[in-house]
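Two complexes follow with subunit A in common, the first pairing it with subunit B and the second with subunit C.
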Partner chain A sequence: PGWFPRVVPARGRKSRHDPPAKSKAGRLKLPPPVDPEELLVVLERYRQHRLVLGALRAEFRAEVLQKKREERLGREDSAELLEEHRRLMAWNDEENARQRARRSERLRKEAEEEKRRKLEVMEKQAKKMEAFMKEKEKEVLQLQEEAKSFITPENLDARIEECLDNPRNYNFAIDKDGRVVKRTVLS
Partner chain B sequence: ALFTGSRLLKGYRGGHVVIRFALGGCANRPFFRIVAAHSKRARDGKYLEQLGCLDPLPNVHGEKVAGLNLERLRYWLGCGAQLSRPAEKLLGLAGFLPLHPMTVTGAERLRQRRQREQQVGTAPADG
Partner chain C sequence: MPMKGRFPVRRTLRYLSQGDVVFKSAVKVMTVNYNTAGELSEGARKFVFFNIPQIQYKNPWVQIMLFRNMTPSPFLRFYLDNGEQVLVDVEDKTNKEITAHIKKILGKSKETLEKEERERKKLSHPATFGHKKYHLRECMCEIEGQVPCPAFVPLPKEMRGKYKAAMKNEA
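And now, the complex of A and B:
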């Protein structure tokens, strides 16, 4: 035979940087011979094959999409899912109603609180104003009272006469309780 | 453990799903698994799904046995998987796809070569 057993296979022993062997120096690499009519026949066969393959792929794709769609939408019609959906919706409505009741209660209470507080404040204000007005009234009255004992140009002479007629002695002492000490000698 | 995890969760840029043969078996005993995998994976590496198998060596009765999961094949072809040439030829011979042109062409060439040999054989015999 032309071959002999090798310890290491020849293919793959040379890397791309090794030069080709001397026995391959005159080698002329040609492409395989092609029969033109066979080539035309083969090309036509390929064209038809690819056409059929494309159509098949399209059909399989449509099938897969249909299955996906059916799996996505078909489940809605089943009875248990509908019933569960209704149950959950009812529960949700109950929860909403409960929360709304609580919220309305809270809001009502808060409104009442606000009103009460406002009333209180207004009352306080009114009281303060009243007290203030009363104070002012009192002061005005007091002033009016005092005005009766003011010295006016008409009273001047009479008052002077009166003062001169009634000498008053302020020369007295006071102890810590505010009582007048009566032991001093009148001057 | 971290290394194996990162090896298993490999992500590729580009690439497509391909239905091809993954070689297994032992020395002088090949065995192909028909497999849907990413085109950039190793030939025998991690695949998406196994769609069948092929025993290239003829059995006791002279048959080459292959098994195919047509349901899942339709699914993967619908998802846009490409086919390798031997996979196409096998499916053509199985009847799931139309016959591959090169199968027909190869058969024709074989027939012509046999006819020529027969003619060459009868012509010298005639003298």
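And now, the complex of A and C:
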């Protein structure tokens, strides 16, 4: 192989720039002698040993992992846990149903409120319309009454004669209470 | 360093560790649908604002998704690993009621949590000492009743190698 006699020291007190000692001048370093058959036998034995040990370690590792996984997952599958879960889900469904009932109740109340309010508004509108119509009717009747004393072309002459026959005196004084105080004499 | 956000207490470790909802290992995804306006979503809004950080801190492997203004009424939906979906209606509920509800249906019970705590404690022995990542104390001198660290209190003469060697040389 690559062994060759080395003269330069590999380690120790000296740095790489210090020269080797005089006592080491003729030193020839050789690798230790090796018996080929012994080497083969020893290598084969080591190989088998390491193979067996590696296999054992892998076996134990797998066993421990398996146990851990089984312990982690096995707990969740037991019957009573499933039973518990189903019970809780049923309780949750009941809770949801209660909430639904509450919500439908609330919506129904709100719808009723809406309807009532709408009815009120419509009634108010109707009343207003009625009052308005009544006012208008009264005005129309009043006008009809007044129409009776209107001056038309037919009774124009008669009315003029009437006015000229009855002179009216607007010349009067009034006090703070509205009573007539003085009147001038019409000439 | 300024405090961030409207309620910076939500970011403190103390507040987060006070959350008591630890989900069962079957729960994988939690979805919250709520509205940003409206009286009925008020509880859901408070839940999202105050309680979800606590839940996520205690369940780092659960995915939590929030959907805003997609449905008229607020609800929570949990997706378990066997495909089951659990619907929880939260309209008209306060955030405390919501937390109590989900703790009851999908949270680990106190006994389970205590059992897990005990299992965890069994793995490490509190009397050993070593690297601070794995043990409580690093050196023998920190343990009560043992010789104090010579860095702070010098050892008595009889225990020092210098004195013992001097004695031996003398004799």
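Convention: the second predicted complex is superposed on the first by the 95 of 187 C-alpha atoms of A that agree within 3 Å, B and C clash if a C-alpha of one lies under 4 Å from a C-alpha of the other, contacts with A are read in each partner's own complex, and residues count from 1 in each chain.
The rule we apply is simple: a residue touches a chain if its C-beta (ideal position, glycine included) is under 8 Å from a C-beta of that chain, and two chains touch if they have at least 3 such contacts.
Quick caveat, the model's predicted, so the values are computed rather than measured.
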Partner chain(s) touched by A:Phe60 [first = subunit B, second = subunit C, both, neither]: first
Touch count on subunit A, higher of subunit B and subunit C: B
Touched partner set for A:Arg103, first subunit B, second subunit C, both or neither: second
Which superposed partner A:Val180 touches (first subunit B, second subunit C, both, neither): neither
Partner chain(s) touched by A:Asn92 [first = subunit B, second = subunit C, both, neither]: second
Partner chain in contact with A:Val140 - subunit B first, subunit C second, else both or neither: neither
Doubly contacted subunit A residues - partners subunit C and subunit B: none
Contact footprint of subunit C on subunit A as seen in their complex: 76, 88-89, 91-92, 95-96, 99-100, 102-103
Of all residues in subunit C, those that touch subunit A in their complex: 25-26, 73, 86-89, 91-92, 101, 104-106
Partner subunit A, residues of subunit B touching it in the complex: 74-75, 77-80, 97-102, 104-105
Subunit A - residues contacting subunit B, complex: 38, 41-42, 45-46, 48-49, 52-53, 56-57, 60-65
